[in-house]
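All remarks here apply to the structure that follows.
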Amino acid sequence: MTEAELIAIIEEVRAGRLAADAAVRAIGQPPAVDLGFATVDLDRHARCGFPEVIYCEGKTPEWVESVVRRLTAAGQNCLATRVSADQADHLARLFPQAEQDRLARTFWLAMNPLPQRGQISVITAGTSDLPVAQEAVVTAKSMGCGVTLLADVGVAGIHRLLRQRENFATADAIVVVAGMDGALPSVVGGLVDCPVIAVPTSVGYGAAFSGVAPLLTMLNSCAANVVVVNIDSGFKGGYVAALIARRRHESAP
Amino acid sequence: MTEAELIAIIEEVRAGRLAADAAVRAIGQPPAVDLGFATVDLDRHARCGFPEVIYCEGKTPEWVESVVRRLTAAGQNCLATRVSADQADHLARLFPQAEQDRLARTFWLAMNPLPQRGQISVITAGTSDLPVAQEAVVTAKSMGCGVTLLADVGVAGIHRLLRQRENFATADAIVVVAGMDGALPSVVGGLVDCPVIAVPTSVGYGAAFSGVAPLLTMLNSCAANVVVVNIDSGFKGGYVAALIARRRHESAP
Amino acid sequence: MTEAELIAIIEEVRAGRLAADAAVRAIGQPPAVDLGFATVDLDRHARCGFPEVIYCEGKTPEWVESVVRRLTAAGQNCLATRVSADQADHLARLFPQAEQDRLARTFWLAMNPLPQRGQISVITAGTSDLPVAQEAVVTAKSMGCGVTLLADVGVAGIHRLLRQRENFATADAIVVVAGMDGALPSVVGGLVDCPVIAVPTSVGYGAAFSGVAPLLTMLNSCAANVVVVNIDSGFKGGYVAALIARRRHESAP
Amino acid sequence: MTEAELIAIIEEVRAGRLAADAAVRAIGQPPAVDLGFATVDLDRHARCGFPEVIYCEGKTPEWVESVVRRLTAAGQNCLATRVSADQADHLARLFPQAEQDRLARTFWLAMNPLPQRGQISVITAGTSDLPVAQEAVVTAKSMGCGVTLLADVGVAGIHRLLRQRENFATADAIVVVAGMDGALPSVVGGLVDCPVIAVPTSVGYGAAFSGVAPLLTMLNSCAANVVVVNIDSGFKGGYVAALIARRRHESAP
Amino acid sequence: MTEAELIAIIEEVRAGRLAADAAVRAIGQPPAVDLGFATVDLDRHARCGFPEVIYCEGKTPEWVESVVRRLTAAGQNCLATRVSADQADHLARLFPQAEQDRLARTFWLAMNPLPQRGQISVITAGTSDLPVAQEAVVTAKSMGCGVTLLADVGVAGIHRLLRQRENFATADAIVVVAGMDGALPSVVGGLVDCPVIAVPTSVGYGAAFSGVAPLLTMLNSCAANVVVVNIDSGFKGGYVAALIARRRHESAP
Amino acid sequence: MTEAELIAIIEEVRAGRLAADAAVRAIGQPPAVDLGFATVDLDRHARCGFPEVIYCEGKTPEWVESVVRRLTAAGQNCLATRVSADQADHLARLFPQAEQDRLARTFWLAMNPLPQRGQISVITAGTSDLPVAQEAVVTAKSMGCGVTLLADVGVAGIHRLLRQRENFATADAIVVVAGMDGALPSVVGGLVDCPVIAVPTSVGYGAAFSGVAPLLTMLNSCAANVVVVNIDSGFKGGYVAALIARRRHESAP
Amino acid sequence: MTEAELIAIIEEVRAGRLAADAAVRAIGQPPAVDLGFATVDLDRHARCGFPEVIYCEGKTPEWVESVVRRLTAAGQNCLATRVSADQADHLARLFPQAEQDRLARTFWLAMNPLPQRGQISVITAGTSDLPVAQEAVVTAKSMGCGVTLLADVGVAGIHRLLRQRENFATADAIVVVAGMDGALPSVVGGLVDCPVIAVPTSVGYGAAFSGVAPLLTMLNSCAANVVVVNIDSGFKGGYVAALIARRRHESAP
Amino acid sequence: MTEAELIAIIEEVRAGRLAADAAVRAIGQPPAVDLGFATVDLDRHARCGFPEVIYCEGKTPEWVESVVRRLTAAGQNCLATRVSADQADHLARLFPQAEQDRLARTFWLAMNPLPQRGQISVITAGTSDLPVAQEAVVTAKSMGCGVTLLADVGVAGIHRLLRQRENFATADAIVVVAGMDGALPSVVGGLVDCPVIAVPTSVGYGAAFSGVAPLLTMLNSCAANVVVVNIDSGFKGGYVAALIARRRHESAP
């Protein structure tokens, strides 16, 4: 809130056109709901363009359920990630209308779908990277963004990528998902003019160190347009790519 | 024991007013009990203000039971942490009067409750941090300290914290429990004038490295009043916060 | 090159309208120049939207000079980063018309400036982060993007950031530069609806581990719109933010 | 600011007893000063009990000078840490009245000294830990807290500590500074009933890993009253110990 | 494809001796098959001398089955590694003619066996290294290379190795498999004149850190002829040793 | 074998007093037995003073059984460590006369007990360290060395150790077993004049990093007489302590 | 030495055709020269195919000189690596006929050049990798192997590599030198049928961690023919590649 | 002090045969001298068999001088390690009679030499390990122990060690000093029946990680008689080896 806005509100109060209560609400902080075990941020969509997303690890099925109810009661779209089998079963009984993806381990209940805008590519180095890639796909689609998936085109057979080049060259943003050596984002980055979101995965063994190896590879990418998110965070990869894509097709200020 | 005290005792012996045995006890080391598998420090309460606390991992239920019996036989309060399900069941049968908290994984048997003194706040960044926070809550309450719990007010929705500011501003000490980016203690630290005990948790995945990420964040906090304890050590967070709070309300020397 | 394009070229050859040599060039790989110690990628601008940028560490001043000459001879803009004092002096004598920034350690010689498009904010947690931030500023400006710099608004005095909120709320993308606890990007991310590029710095000591601590913090950010680049890589932070900003204001396909 | 306070202010405005400007100031954020390269937090003392402390690494002597001038112009005490030789010489010329400690690398200019309250002990394991310990001493004294220093009483000669026990047993808080094996805080913690702030140092070689070894030792201390700060952070050790000590001797709410 | 070859093809087109379609195929990239979840590189054998090998971790049995079918349908040999018990059972039902090794966790289906060439030794430091060593043995044999296995001759009883010296002295290449201290490759390397491929294993405990200790030992080997592959990668050890051995017995260009 | 010994043998041959075969055996390498999966070092006792000890992890029960049979067939004592429950059951059926310790996870079958010599102390910081300590106890006793066990005397209650000082002051060597902060060996080392073998354990959580914290503490011990073995290696701790103790009571050369 | 050989020698002694002294020398260990500070292995060439190479770090110029003199006095070729400027100057005065390469930091004095055999390629990702690559070039040439150098063809401009494919496709072995993301060896490995020796370099900053990032990338390479040597070890890369190349062109047994 | 001893003393006091002062001294702690910056442990020799050794890093020359004066004034032998050039020069002027070793960086001033007892071997893997080895040599000699040095017999030329076997086979204890792969202690350990103290050095580069690689190798040694000290701690290696050796030749209790 700017000083000017604040003065305007107070002038309204001084003129008697606005009650003190309403002024407090206008000046005060954005809304949040206390559930005891959680403080749901109902303002997230207004502030950031997408509602709070539920990270399910370490939560009881009942805790997840309560947050879903609160968000949907507020008319907000509800995406949950890292849903365990137990949580998925619990939610499936209560919200049969929701879409659950067992590979991506996601739960999606659309109350107010976003208009369709933008197009991203999700590319994986190997087949074993698919669960993470699928989390990116579901996330981006939840945000109203189109997605093309291109699987298993790692650099040991570089022609597999090059022959598909026209399929990703015009994307608004690209998510590249890779474990082991994590070399693919650098190659993709050097072929395109859009941002590349690199997602390291825990695929591999030994000195892959559960994703540390591809994480470091990606942070040190020699391609200037490559940024990185957390290991196995298909969610963030899809989220930021879709954010970039959407905003490119909205009228900028 | 000072030299002066020692001379006084020995003069008592020389004067025949004190038996050799009693002098030995007076001069000698504080008491401890040998159980073979454990050496119980019955002097801890006298020295440090709270009895030895039982760390249950790696112990058989019978070993834990024996130490509980020794402490309580000596009239001391008995707190145990990291109680496994098996240990909890075993102890529940033998000490039905004890309070067990399955979320916090604690066992509490009060023989001689401390007088109520001081007030702390326990604040968590997320819902998944609750088991660790609850360990802090139980520990602080065992020490006779009042506790307010504020859950899930992480920095991605900073207004959730700011709107509650009056609830923690007057605490004697604050425990902040956070996993993932561990950013919350720095923000809380910058809002208050009391010590903040930061407790990193193993909540998160990938580059959270089982709590290393928030641990490092907290050690590097840009707020000067933030100190840190071990990953997932709700116990230490609650212990030190309660210690500070209690002593603030006792008459200092 | 698509199959359709390839067939078209070959039909031109078959029809005698195109010489074999020319076809080879049309079909062949994009241009590169061999200097013996370097293979300059003159196609980078066409492929990725910005020419190859010279990373100066580990290069002799003469090697840097040669690459600068090749790029500018090809009419391309020339940005160099991590310029040492020796290299800077050498280049200043030869290219007095270039802009050098000793804080950012950059060299910039514009042969063909890009049209001005987009606006980003660069925000630092502390004053010591300024050299890295300035590298981001120079890079983004080289790409024809507007930049606002906001320095030293770290989370220990959160009001310093909140009072400036209107200054960065409408940016096309935001670069947040922070060392030590690296907590600032999470807070900024939760306040805006654009992508946030987090740049960890080696500012700090002890358990900051030369930037590892803020790097991990940022990778684990609880804000969904935060992506990360390498430690001290103001260059990449500025590059990707400007890329996102520019493309948002170009007509998308 | 509570809702009640906000309503009170607005009622004042409605009643015409308070001008809009004044209301804005009352409601608005706390003060901060923009210097371009720094945003000085002049509210820190009001909020946290001590002014912003200047961390000098990575700053030019002129930048440090400017912040010193701003703080002192606002009548605030000014403490700076990690002052380099160059910075120290520069500041010595401009502020001859300030106290500089070359061992601790500190600068202290008292505009408004705090009343003397509380007493802490600073204990080191070795002689080489003295620079870090001295930073703690200077910091605590700046905060108006009494300090006793006890040097080189590491655990390989445990009697050196035990014979001094009466000298630290009644402290309000204790700072223990140790490198190498970092074992001293656990021993001290087991002897006293006050909080112990452990400060690991980079003293040592090989597997001390510049302070990582004692840092881990201290985080895993088997004494419940030990908390930890960053490697070599005598500043934080002294700050938090003095904060605990001071507040113990102030009238609690 | 060289420029000369490309010109030749285009001249063929210009002369009307080659259709455009055929030219496209001749110029185009090598073949690959899209299965949706995988892009099988059918050109690998032609390019690298051995078909793509299936890494089974993180794949469903059905995914593995499909790739096996594709490779064998193309008449290619099919080797799969890290086959789980579930995958092994599934494949055993469908491809009873294949050879599965439960110790090595491999699947081998020979469609077109390579001619027998070259001879390697596989040497292990301990008995617990045998599963990794056996993966090397199966891989090398699949490539048509002879293998001698020498187990449990670690350096704590150096005579066990020395007495077998004549058995490995004439090998074309040697694979040395070791966990714990990983010292064996250095000793073997100093006794022979052929390349030694060192394979660290996760055998050991504590500071072996799941293979990190022997990995570092091997990377720092004081013998000049020792190279290293990933922890537990018997596959790569056997692959490269067999590649070296085979090529030594083929007529070089 | 010295040159002199070799010449003597050869002179025997030249004189016809020794057959070539016998000379080969005399000059040749010490004996070892090939089992295919293992090469048993039957010379270890002669060379090192104790037979090869079987490390059971990663071995089938049958493999362990075979090595036990070979050793005992050669009349050698047989110690096995890290025996799993399955292996223990298998061995118990076949070798009912052997002593198995389920806490220490050891198997001991004495064919030719060593004469009793020397005395060591094994001291643990906590009760949870007992399995590792017991492995040390069993190992030392197998070597014919007397052992005193002192459990749970960690430094947080230092009097527990000091009151037992006379019980370990005259040991020939001391094994100190500790997890978490690993501080105990430094304190013990400073109280005695014999070598201290420090054994870090994986007891602890969070920043104990499965024993890394106490390992580093011990490597950096400020007591000069402390040496270290691998994490959880009660075996090595007991072995080396007993070796030192035995040899002190044998007639030195 | 085989049993048969040993028996033959002893029969010679028995028959009086061989003196005891000579037999001892025949049976004994291979030659080595004691210099007090060094034990020069004059048998290395006979055993391993190339003489001992002098690693110069941590040695005085005089120590290096002495070893050079011993090797050359024995008629052996002498290669030294990591020669400091001081050492280079010292050696240049004494051995003006030697070839020194200041970029590679090598010293080479050929007493008995090997016949020319085999051909390798050395490929670098960037220009800053050249010093390490040049060490590989000098080493391979010292071993009598032909070398082609291809510089600065990293994966961000993949066409730079592909256009040179014919230049390295027929090599006997390839050394790929790369820092930062270390992605190049995987791409090269997927294009060729010969072994690829990957050499990670310390080129880069931040999360490159002085070569750890490319080291991990290379260890996890998805190409099966890639093996790895130590960070910055151009020497080992060149040595093993030349060894493979030479032996391919020698008559195998 | 035992309870019995304490009672005896007190009975003496009661009987008037002992003054209170004397009793206090008898019961009290051992002596230590406070220098302000240091607390010199004058009882160390009595307790541990050798006086406190001065670790010089991080100390001013004057601080070192003062401790030397205190120790020698008390008639104790004085050993200092890690003496810098400045400290060495300062001490050389004041204590010309002391022996300084510039390679080992030691200072030795014998006031009361120990009788000569025991014999150890110090063995190094390479020439660059000599400074660390020499620190071990000086330390052991200071303790009155005989030392044999055997340099540069690393495992890549294993015969260099084997031919010297008789020179170390009868040592009372062996110190093995090695950097890089650190493989030598395992080989030595397997050849002898005495304890082996392994000293990792920071010799090496890249993945040697300043001594971490050989440290891990040694901790994981497959030889049971190998214990480890800190990286580059020739001091501890020599100290413990000499302690073992001396005590073997003293009359045991």
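By letter and in written order, the chains are A, B, C, D, E, F, G and H; residue numbering begins at 1 in each of them.
Please note the rule applied: a residue touches a chain if its C-beta (ideal position, glycine included) is under 8 Å from a C-beta of that chain, and two chains touch if they have at least 3 such contacts.
Not measured: the values here are computed from a predicted model.
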Pair joined by more contacting C-beta pairs (A-B or F-H): F-H
Angle, in degrees to the nearest 5, of the Cα rotation that carries subunit G onto subunit H: 90
Distance from the mean Cα position of subunit F to that of subunit D, given in whole angstrom: 49
Inter-centroid spacing, subunit C versus subunit A (mean Cα positions, whole Å): 24
Shared-contact residues (touching 2 or more other chains) in subunit B: 28, 44, 126, 156-157, 189-191, 206-208, 212, 215, 219-220, 223-224, 230-231
Every chain pair meeting the contact rule: A-B, A-C, A-D, A-E, A-G, B-C, B-D, B-F, B-H, C-D, C-E, C-G, D-F, D-H, E-F, E-G, E-H, F-G, F-H, G-H
Subunit A to subunit D touching residues, read off their complex: 3, 6-7, 10-11, 13-14, 16, 20-21, 23-24, 27-28
Footprint of subunit G on subunit A - complex, ascending: 125-126, 154-158, 180-183, 186-187, 189-191, 204, 206-209, 212-214, 216-224
Residues of subunit B that touch subunit D when the two form their complex: 2, 44, 47-50, 53, 166, 170, 172, 189-195, 197, 215, 219-220, 223-231, 235-236, 239-240, 243-244, 247-249, 252-253
Contact footprint of subunit E on subunit F as seen in their complex: 28-30, 32, 36-39, 41, 43-44, 47, 52, 55, 57-59, 63, 82, 200, 202, 210-212, 215, 230-233
Subunit H contact footprint on subunit D (complex, rising order): 126-131, 151-153, 156-157, 159-160, 162-163, 203, 205-208
